[in-house]
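The block underneath contains the structure these notes are about, expressed in structure tokens.
Each chain carries a letter (A, B, C, D and E) given by its place in the written order, and its residues are counted from 1.
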Amino acid sequence: MTKPAQAIAVTNLHKRFGPLEVLKGVSLAANEGDVIAIIGGSGSGKSTFLRCINMLELPTSGSVTVHGETIAMKKDGHGGLMPSDRKQVQRLRTQLGMVFQSFNLWQHMTILQNVIEVPIHVLGKSKDEATAIGEALLHRVGLFEKRDAYPAFLSGGQQQRAAIARALAIQPLVMLFDEPTSALDPQLVGEVLTVIADLAKEKRTMILVTHEMKFARNVANHIVFLADGVIDEQGTPDEIFGNPKSERLKKFISSIH
Amino acid sequence: MTKPAQAIAVTNLHKRFGPLEVLKGVSLAANEGDVIAIIGGSGSGKSTFLRCINMLELPTSGSVTVHGETIAMKKDGHGGLMPSDRKQVQRLRTQLGMVFQSFNLWQHMTILQNVIEVPIHVLGKSKDEATAIGEALLHRVGLFEKRDAYPAFLSGGQQQRAAIARALAIQPLVMLFDEPTSALDPQLVGEVLTVIADLAKEKRTMILVTHEMKFARNVANHIVFLADGVIDEQGTPDEIFGNPKSERLKKFISSIH
Amino acid sequence: MADPISFLNWSLLALEPPGWGGVLLRGLMNSIEIAIGGYTFGLLLGIGGACGKLYGGPITRDLMECYTTIVRAVPELVLILLLYYAGTDALNYVLGLVGIGQVDISGLVAGIFVIGVVQGAYTTEVLRGAIKAVPAGQIEAARAYGMSPYKVMTRVTLPAMLPYAIPGLSNLWLIATKDTALLAVVGFSELTLVTRQAAGSTKAYLLFFCAAGVLYLMLTLVSDLIIRIIERRARRGFVEQS
Amino acid sequence: AEPLKVGFAAEPYPPFTSPDASGNWEGWEVEFEKAICAEAKLECVITPVAWDGIIPALTSKKIDMIIGSMSITEERLKTIDFSDKYYNTPTGVIGPKSETFEATPEGLKGKTIGVQVSTIHQVYASKYFGENGATVKEYQTQDEANNDLAAGRLDAVQADSIALGAFLKSDQGKECCDLKGMVKDDPAILGAGVGIGIRKGEDELKAKLNAAIKAIRANGTYDTFSKKYFDFDVYGQ
Amino acid sequence: MSETPTTDITTHAMAITPEDLPAAEGFFKPHRIVLLAIAAGLVFCIVWFMRWDWIPQYLPRLGYGIMITLAMLFSTSILGFLLAVPLGLVQVTGPWPLKALAKGFCTVVRGTPLLLQLWLLYYGLGSLFPQFPAIRQSFLWPYLRESWPYGVAALTISFAAYEGEVMRGAFAGVPAGEIEAARAYGMSRWTLFRRIWLPRAIHRALPTLTGETVLQLKATPLVATITVIDVYAVISKVRQDTYITYEPLLLLALIYMCLTGILVIAFRTLENRIPTRGA
């Protein structure tokens, strides 16, 4: 087999909120098929890192390359960067299927409408085509019967599964998950994790921020431990959980019962 | 030592919501110093039972005795009972310090005001006396610095501890806890359980509904398993968890990982 | 000829006659008087109405429902006409039956009565909504610690409801000040009518209507300021929603 | 005893009634009211009421009499009672200077004519002009009708000739408009002059007022104050 | 500064909204039957003892008046809403001069009585126009001569100001996450506004919009004071022609109640098409 292509590469990413430097030079590359789990204490900058990848947060410096194409950036005049080509960012974002912690489903649309919205109005698919794909995806996440329900009438776990279907519908190169289960109560966590584990089995490229260590260990092939704005340690799950080297990682792992 | 006095006794309690009979004859007695944990599946009537004890829910039949004094009831004309002496209920309720799952702190009062409200306006204590007791209690639950904060500005765990202080301030004979930690996220559960465990060490009479089995096992001296409106099994923690007899209890315990 | 200059004839606004400034101010005072009276009367009706609707028997509740429904479905202007003629008539009739005999209902009293009845229905709804917005658990907690129903009401329900009621109540106050303008149609000399008289007599329509507008606006802004202070006090302990 | 409340139309109706900046009412009818009350030894207070609701105000006892240039008509007599007439003047039509037409149904065809609501003029204009191709627009006050005529929103205004005269003499009226003529009389509509409106059944008051009107006519008071406003006899025939 | 729920409380308190409609089931209870019987008796007395003989004569005119009232209501609500959207949007995202302008507009309009605004436009502004020969000669003059354009203008402005405030809250209240999600999937700014932000804001504002529209209906009779012949003006005419005090007003109240009822039912149907849960 050939070497898998590089799906995403982040180089020396810095991010500063006023006086607070949250990310102090983070680099990460994911090949197609990789499942990378990002772990770390609260406030260590995991979410910020994920949001910088699709430019929801603008990095202070550093670069992001999606499928070989680097996002063109220019100085914003306040010591940070901004995209020099908005169209490019909009295009590359459709390669990055973000799934938010708090679902962020559009409340004024049914589940199916949520799923087909971007394919139709951004990717320019026909309604029939988008609907066919959307219904297949809803089947996949076990929500086909709920396709005409409005988000407010679903349980948290169902909403999160719908959000995953919505992200999948844009057929992204990489799926980005930001703590996809932490807004759910324990009973609902399971159903969402099952869907993600299935995606991992299919060798879909994913970057996920999670607090569920057991899950990270089972699903990811590479684990990144963020601390104090830098990558403190990274490696395979067995290395990270079986044989942590840095003191901070040891402490972090032991603190999770 | 003399035999401890009986703090509370519930005899053959029935409760019906329309067609649904939630409690089908439950009896329970607690001596002073007892810590009784009530466990059971969702919808098994645990909350209803607790709420019947202090007449927040009126039982369909059965009687409740607090410290030897039975609450006088009369027929309400719709097949249920109602208290025949409202004053008596009000008086006996001050013997039962209820702590709600959702805290129910009074939002328009500071934490200290919440704690001294009942001592002053129901028990008729002087403001100085109530404040002294209240501040001591807030110290005890670790909230003294927050005494002038309003509930909305506290974390869930802090609110629940304040609610416990409020219930303690009426110096009740029995504390009733209804899932005091289930509205909290896992990080905050610990601080509330610590406070309750402390109370148990002091031999304060408590009846608590909880889903935290490990905690119930450590803290309670008697465990009651409610199922389908009746007490399916009861006994010491070791009996219940170590050697469950009924099938339902076995299944219930195994379902909790 | 009402040449453009006369619209800017500021001397028409002088406080002393022949300037009309004094008249406008008296009209404003009349408006404020009616607004205060009507609002207070409405508040009393509203408290009664809200209690009736929430805690009253089935008949009280239905009657209250009719009252608020009718007032909320019919334009204020129509209500004011109806109440002004029929309401005061009926009042006199009832007083006559009771044996007090005819009372002389002055325009001021009639205005307060009319605005009050309209405001009463609105206040009922605001207060009812506010009381219902108090989380049931707060009231349950009060009962669980042995408070008597009266104590529950005065110590918990009422103070806890205030933050929910104040925005609505303060809007109603602003509405009351503006509704007084409708009394112009029954010839009560509040600000709007005297403005019209002044404008008609001097033909300086634009000047006087603008002047009255400014007066109303000032009233609103000053009220707003006071309301905000009250609100800040009452909302202690409540997290600001964006 | 209680003072009698004399209802005035709250809207200015110069030169008969109009409030000044100090809130006092002035005009011919104010002097008439003073004279009548003095003569009949009645204690009177002026109570402004919306013209639109002045009859209900009388019947519901908010006021006790109406002195408001109210013509005595059949229709009104069904609801209220009147004293004898205290003035009577012909009805005229005015229009913009730039146009020439007669105050006849033919002359006003296709034109928009303004009248004050609830007046004999409204009834007359509807019947004679409205039914013959003119649009009749009703105003709450005479003033507004005049104003709209000056503003070009109306082609003509029909009203009491005295009120019109006063308008034509004002700055605004001088500039824009002139008298187009008097309308053909129709006593059934235009009535038998202006009287004091009172509630039905108050015959004692009516008698007093009638006597007072006679008295001030006879003793010259009426003419004295009329001279201040008019250079002809407003009492009419 | 009033946030959305605030406006909502007051609007609801002032106007019947779909929530107030009684549910058909459980409406008839024993005491209700008694009350209904009393009400029926009352209505009978009103019909029997009061004077209603004037109705047939005025029926066509009443119909015409109702049409005018409805035309006023719909035209001004629609125009006002179209104005309210930019007013609300600008207050949330606009550059500060526009923001201040919109805010000032809303404050001034909401701070003064509608009756005064109406008169200001009609008697004030309207009487200025003819002094400019250019306007008098322009094609607009036939309209400016009429009174209804002033009524429409005043009601539109008023609706826009009140609803603009509602839309401001609605725009601001759309959860940031939903907008972020749209951006994260590559929507352009215009698509985002058209597909997510605006519909979501309208969705949020719909219940308040119902109330505001009923309030707008209640404001329409004011145009009668500037000689627009709406149903209120027709009834005024009846009162002035016949000197009957109460009956026409009672009929008028009944007409408005029916109109409100129809409006509210129509809105309920509309609202039910997109269900919302909770608040």
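Note that in this section a residue touches a chain if its C-beta (ideal position, glycine included) is under 8 Å from a C-beta of that chain, and two chains touch if they have at least 3 such contacts.
As the structure is a prediction and not an experimental result, all values here were calculated from the model.
Counting C-beta pairs in contact across D-E and across B-C shows that the higher total falls to B-C. Chain B and chain E have Cα centroids lying 52 Å from one another.
Distance from the chain A centre to the chain E centre is 46 Å, each centre being the mean of its Cα atoms. Inter-chain centre distance (chain A to chain D, centres taken as mean C-alpha positions): 83 Å.
Of all residues in chain D, those that touch two or more other chains are 52, 56, 60, 144, 147, 150.
Listed for chain E are residues 123, 127, 225, 245, each touching two or more other chains.
Counting partner chains per residue, chain A shows two or more touched chains at no residue at all. Pairwise chain contacts present here: A-E, B-C, C-D, C-E, D-E [touch as defined]. Note for the complex: chain B touches chain C at residues 54, 56, 86, 89-94, 96-98, 100, 102-110, 117-118, 121-122, 150-153, 166-167, 170. Chain C contributes residues 2-4, 7, 58-59, 62-63, 69-70, 72-79, 81-82, 85-86, 122-126, 129-130, 164, 167-168, 171-172, 174-175, 178-182, 184-185, 192, 195-196, 199, 205-206, 209-210, 212-213, 216-217, 219-221, 241-242 to its touches with chain E in the complex.
Against chain C, in their complex, chain D makes its touches with residues 2, 9-12, 18-23, 47-53, 56-57, 60-62, 141, 143-144, 147, 150, 171-172, 174-175.
Chain E meets chain D in the complex at residues 123, 126-127, 129-130, 136, 145-147, 225, 227, 236-237, 239-241, 243, 245.
By the touch rule above, chain C contacts chain B in their complex via residues 135, 137-138, 140-148, 151, 155-156, 159-160, 162-163, 236-239.
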